[in-house]
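Order of writing sets the chain letters: A, B, C, D, E and F. Residues in each chain are counted from 1.
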C-alpha cells in the first residue's frame, strides 16, 4: 500500500491513543550567541536513531514494548523568540490535554521555557531538575531577556525560590553564581547530591531539563559551547535512569545537540542513547 | 491532532489515489568500488528539499499543483545486490500496478536495474535514455556482474541493441567503449544529439536514468567518482526539461548523490532542484 | 612598542580622518530559516583577506593606496531582529555623519535593512541595485516581516516603486514574482540590462546590495541556500567594477557568506576578492 | 636505484623468509548497515602509522627489532560477501602455509569470518577472544546471514559452544543476549574476568578478534556505529598486551576503523598504536 | 568614534603600562613533520575565546580584574626556523625589558626555543617545567637540529643537566629515553611527582612550557600528533593552577593546538580555558 | 607469494629498465605562507588514482601501454628549504642519469627549483612553460628568497631573460608584474598565445611546470591560495595535451594540490586525471 513516508525516533510510532509519552522537536537556535546549529538537533536524533538498538542491556527493556509517539518537529519562526516559544507552549498544551507526557527535543536551551510555561500552569507545585554545564541564570544577555543564557532565570520567574536544582554547572558569569546562591540549589562541576534531591522530591511533579553539554566535550563534542571538565556518559546514564524511574516526571526535554559540530556523529549517537534510556526508565514506559 | 511524523520530498504528499508519480528511495551502495555513501542520497534529498522553493521560475509551475507522493525509502539488505534488486523491483511493480509513474531515487546506479526489470516487463518496446559520466557497460567488475559499473550492460541484456542512448560519457575501460560501438548509441563528453534522439523516440515508452555525475564536479562534487569535464547545470536543466516534457517517460531515476562527500551541501541542493524540475516537466504533473 | 592587537581587512587601516570608506561587520543570522552561519562571514572575510594580494591586476590599483578603515564587527543581540537592525542603523548613521561611505559586511541579507534606513533618510532620491539569487520580496515569512526573505520588500516600503533594480534572481515564491512585476525591476537568471541601468542611474545616489549567492554555487558554495544556475565570477567581477566605478554609490553591502559551509575556503577567498575589487573601483578610492 | 614505491605499516618490511607475523588488509564494508567507510581502514592505518614511533615506552620494545611483513590490501569484490570471504580465507591459508601468524586489518567485522575459516581448519581446539561493543550474534540481519551483525554467530557455527569469550559488549538485540547465554561467555560493558580467561586458555590456540568500537567513542570516534559507555584506551592497552603476550595467538584481527568518520585523525592514531602494541607483545616478536 | 578594529584574547586589553603579563602569538609550524596546522593556533585561541566566560568558578577570579595585554601574532618567515626563532626571541626581549611576563602562544613546540633564549639570558638559574606527550629530546630530526622534535634538547643545550622536569611523556625514540635518563627528569605517562617538583623549585625562576598534546586525544583531538593514553582535563587544570600559583613563572607558553584538525572546536575551547586558568592563577594576576 | 606492499600511481609500475618517465613525490610545504597541506599532495594523487580509469577517451590511449615507474615520495627535511631542494635535485639527477624523464609531484611550488637545478645543468638552452594563478616572481618573501612566492624568480636566476613563458597569471604584487615585463613573457588571466609559444619552442628542451591553481577554484578548490577567475578543466586539458605532445618535455612537475582543503575529493580526482593525460600525451609514452 502506497502511503506518505513516516519517520519517527526509533520504535516510537505507537498509535496516538495508546501513547503515554509524546516526543516533539523544537528546531530553534535564534538566540544562540556563539555557534548556532542546534536547530538541526531533533531531526538528527530522529534520523540517526536507527544506529542504536531498541533494546537496552542496561535496563533490560525494549522500545518495542514502549508507548511513545514521535509527532515530529514544529515549524518555528526564526528571528522571534517570543513567537517560537508560543508555538512550543501550544504544542505542549495539546500533549498535556491528551493526558500524555511531553518530551521535547531542542534546539537551544531557551525552548525549555515554552514547555515550562505550559507545564507550570498545570502543576503549581512544579520542581525543576536541571543538568547543564552553564548556569543560564542571567537576567538578560546582550539586551535580550529571552535568551538561551537566561532560560533558567526565566523559569525561576515562574516557579520561584527553592524549586530549581542544578547539577554539573561549571560556567557562568560571576554575577550568576552570586545571584544563584540565594535562589536556586547549584551543585558545581558534578552530580553530587543528586540522590538526596531525588529522595526529597519523591512524588512531587518534576520537570526535567537536560542540557547535553553537561557531558564532557570528549563524550559530547557536538554542541555550541563545549565546556571541558564535564561528567562522563556513565555518570549521566545512571543519573537519568534514577531521575526518570524514581521521580514523577511530568515533562522533560533534551537539548543543545548541534550536529553540524559533530562530524564523526558520536554526539548524535550519545543523544539517541540518552533519549532511549530516558524513555525506557519511565515507570509507565 | 497528534500523529506520527510524516516526511516527504518538498510538497510531495499528495493522497495516494490522486498521485500520478510516486517517489521512492533505494538507499543502496554495496557494490560501490571506490567511495561509498550514495545510500544516504535519498534521505538527504528528501530532508534538504525544504531549502528549495516549490515554485520554478524556469517553468512557471509549482509543486503545490503537482500530483506526487513520496513513499519513503526501502529497507534494503546490504551485502546482497540480488536481494536488494528484488525489493526495488517489487516496489516498482506495486507502483506500476497502481497506474502511476515510478520515480526512483538512488543509491548507486545499480538500483536502476531493479526498476528496469519491472518496467521492461510491461513495455516490450522500452527505450532508455542514459545521462552519465561513466559508460557502465562492463560485463563484470572484479568478478561481480551485478555492479554499478555493469548496470547499463545488464539493462542491455534486457532490451537489446539499439534501445539505449547514452550522453555525456567521459570515462570507462577501453573495452567498454569498443563493445558499446556495436550495441548502444554513445555521445561522448556532452549532450549533442539529444534533441534528435528525443524527436526519434516521440511517443515510445522511455525509461530515463540520470546519473548525476554527468554534471561537472564543480557543480556536483558530492559523488563517489567525480569526473572532471562534465556538463553544466544549465545544460542538464534544459535536457531534463526536454526529456520529461516531450517524451513518454514511463519511469525514471536520479542517482549517485553521496551527501557524505558534499560538506557544503551544494550537491544535495542541485539534486533537489533537478528532481523538482523533472517532476514539474511531466505533462501530467 | 607593546599595544593591543589590531586586525583589519587587508590594508584597510587608514587613519580615521583620512578614510573615505568605512568597513564594518554585522555578524547576524538569527532569521535565517535554512542553514545558519553567515554570522561568521565578516570575521572570516577580515581574517582570510591576508590570502589575497593588495594589488589588483584587473584594475591596476592597490589597496595600499586606498583610503579605507575597517572598524570591526558590531556586537549584536541574537534573537531580536529589531534590536540588531537598530544597532546597524546607528553605526551607519555615525559613518555618514563623518562624511564617509558605509560598507557593510553581513551576515544574512536582513542586515541591509538597518543600513538602508540610515541611508534613505539622507537621500530622498535613493535607488537600489540588488544582485541576488533570491527575490527577497515576501511580505512576511513564517509570521515574521523582519526576515532575510523579506528584506527587499522592506526596502521597498521605504523607497517605493521604480527604485529597485534586481539582477540574477532565480528563486522565490510564485507570489513574489507576481508582486515584483508591479513594483520593482527584476532581471531573472542573469545580469542582462545592467549596463543600461547603470546609464539610467548616472549621478543618482545608489545603495548597492550584493548577496553573494547570486554567484553559481560552483564558484561560491559557502552560503546557506545555494541555488544552482548562477552567474560566473567573471560576470560578477565585471558588474561590480562597473557599478562601483560609474555610479554614485553612497553605501553598499556584501552579505551571505557562511564560512561554516565552506570547508575548502574558496567562498571566503571569493568574498575577499569581491570586497577588494569593489573598494578599488570607487572613483575616490 | 629506481624501484617501485613500497609502503608498509611502520617498520613492517621484514624480508618474507624472516617474518613471523604477516599483516594484510581486507578493505571490505559491503554489509555495513549504518555508516560505511571501514574499507578505508587498512590503508589509513598503514599510511598514518608514520605518525607514531617504532618504540613503545610501555613495553620497552621497538618495531625495528620485530619480524613483521605487511603485504598490503587484498582487492576484494564489493557487493558479494561470499566472494570477499573466499579471498580473505585464501590469503590466510597462504600465510599459515608459510608458517607465519596472520594479522588481518579490517574492514568491517565480517572479514573475521574469512580468516577464521582458514584458521579453524588447522586448529580443531581453537578458542576465540572477542572484544567488541556489539554482540554480533544475530542469526541473520535483514535477510543476510553473512553480515557484520552475525559474524560471531557464524564463528560459533564453526567452533561451537564454550569456545567464544566476549568482553565489553554493550549493544545488541534482546534475542542476541538471550541466545548468547547458552552458547558463549559474554562479559557485558567491561573487561572483568579477562585475567581468568587468559589463565584458563593458557597454551591453547586462540584467535583474537578486536573490534575497535569496544573503546569508548570519546577515544575512538571513527567507527560506523559508536556506542557510548565503552572502555578506556588504558584498559584496552593493558588487555591486548596481556592477551598477546600470555596466550598462543595463532591469528588475530583489528577492525572497524572508519577513517571517513574521523576528521581529526585520532581514531586512526589509536588504531596504529593498538597494532604496534599487539605486534610488540607477541613473545616471538 | 571610528577606529581600527582591535581583537584580543578575551578581556586581555589592559593598557600597556598596567599590564603584568603580555600574550603574543607565534604562528609557526614549518618544521612539523607529520600534520601541520598549529600556525593557526594563536589566532583561533584569540578568536574563539569569546565562547568562554571571563569568570572562573574554579578559582573564583575574573579576567576583568586581570592585568593582561594581548599584542597579537608575530609575522614570521616560513621556511626558515632560524629567522622565526630570532623574531620570537626579540619579541620576548621587548616584553622582558618592559618588566612584564611573556606568555607565548604557539605554533609548534619549536617556538619555545625563541622565548627560552631570551629568558635564559636573564635568569642564569632558570628551570623548566615541561608537560608533553613527546620527549622532544632528539639531537636532530631528518637532518635538522631546529625541529619541534628537538626543542627540549636545544633548551638543555642552554640550561644543562638537572634543570628540566618533564611530565606526561609517552612517546619518543628509544634513544631519547636513554639519553634523557642522564640529563633530565622524566615522569612517564602521568603527572606523578609534580607536587614535589613544585616544592623543590619554590622561589626559583621557572619557564613553564605546555604542549597541549599532554592531554588525552579524547579531550584534545586537535593536534598534529595525537597520542592516546594522555592525562585528563581535570588533571591538567589542577596542575597548571598549582604551577602558576606556587612557582615564580618568569615566562610560559602554550602550544601545539592545530585548529584545522579540530572540526568540532572542542580543542580550541580547551586551549582557551587553559590559558584563562593560567592567567588567573598567577599571584600578580 | 608474500612480499612487501607496493603502491604506485595507477598503472605506473613499469620495470625500471623499461621506464621512460619516472614519477616521484616531494611532500614539502614548509615555506607555504597561507594554508599548508600540499605535503600530502603526492600521496593523495597516488592513493586516489585508483578512482580514475587507465584509459583516456580523449586520447584513446591507455596507461597499461605506458612506460612509467612511480618511485614514491622523498623523505624531506621540514624546516629547511635548502636541504629539501638538495634532495629533490639529487633524485632528479639520478633519473636523468638513467636516461629517463623526471615527473615531479609537489608539494608547494618551490619544489620546482630542486628539479630545475638538475635539469638546467644538462640543457643550456632550457625553456620553461609555467601555468599558474600566481606570478611567483618576488625576489624575496618575508625575508626568505627560497619561498614558493619566489620560485619562478629563482628559475630566472638560472635561465635568464626570454626563456620563461607564463600563462593564466592573475595574482601578484604590483612590483612582480612590473619586474616581469622586462624579463619573462606573461599572459595574464588565460592561456591566449599558448599555441604560438608551442610553435616557437618546437624542438627545444622545455621544462613544464604546472601549478594546479591555474584552474578556477570551482574546478580545483583544494589548494592553499585559491584565486577566483581561473581557467576551466577543458582549457587545461587541451593545453597540457598540446604541450606534452608537441614539445620536447625533458622534465615536468604538477604541484599545489592540498588534499586537506578538498573534503569532497574533487581536486585530487582532477590532479589524477591531469597526470594521466600528461603521461599519455608524451610521444614516447
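In this section, contacts are C-beta pairs under 8 Å (C-beta built on N, C-alpha and C of every residue); 3 or more make two chains touch, one makes a residue touch a chain.
Nothing here was measured: the structure is a model prediction, and the numbers come from that model.
Trainee: Tell me which chains count as touching both chain A and chain F.
Mentor: The shared contacts of chain A and chain F, listed by label, come to B, C, D, E.
Trainee: By residue number, over half of the contact pairs should agree; on that basis which option among C-E, D-F or C-F is the same interface as B-F?
Mentor: C-F
Trainee: Through what angle, to the nearest 5 degrees, does chain C rotate to match chain F on its C-alpha atoms?
Mentor: Chain C sits rotated relative to chain F by 120 degrees.
Trainee: Chain A to chain E: how many Å between their CA centres?
Mentor: Each chain's C-alpha centroid was found; their separation is 38 Å.
Trainee: Return the residues of chain E touching two or more other chains; collapse runs of consecutive numbers into ranges.
Mentor: 216, 218, 263
Trainee: Mind giving me all the chain pairs that touch?
Mentor: Going through each pair of chains, those in contact are A-B, A-C, A-D, A-E, B-C, B-D, B-F, C-E, C-F, D-E, D-F, E-F.
Trainee: Would you tell me which residues of chain B are touching chain D in their complex?
Mentor: 29-33, 36-37, 39, 75-81, 83, 110, 142-144, 146-147, 260
Trainee: What part of chain D is in contact with chain E in the complex they form?
Mentor: Touch residues, chain D against chain E: 50-55, 57, 60, 62, 216, 218-219, 233-234, 237, 263-266, 269-270, 273.
Trainee: Could you please specify the touching residues of chain D with respect to chain F in the complex?
Mentor: Counting only chain D, the residues touching chain F are 1-8, 13, 16, 19, 22, 43, 46-47, 69-73, 94-95, 98, 100.
Trainee: List the residues on chain F that touch chain C in their complex, please.
Mentor: By the definition above, chain F touches chain C via 34-35, 169-174, 177, 188-189, 216-218, 221-222, 225-229, 261-263.
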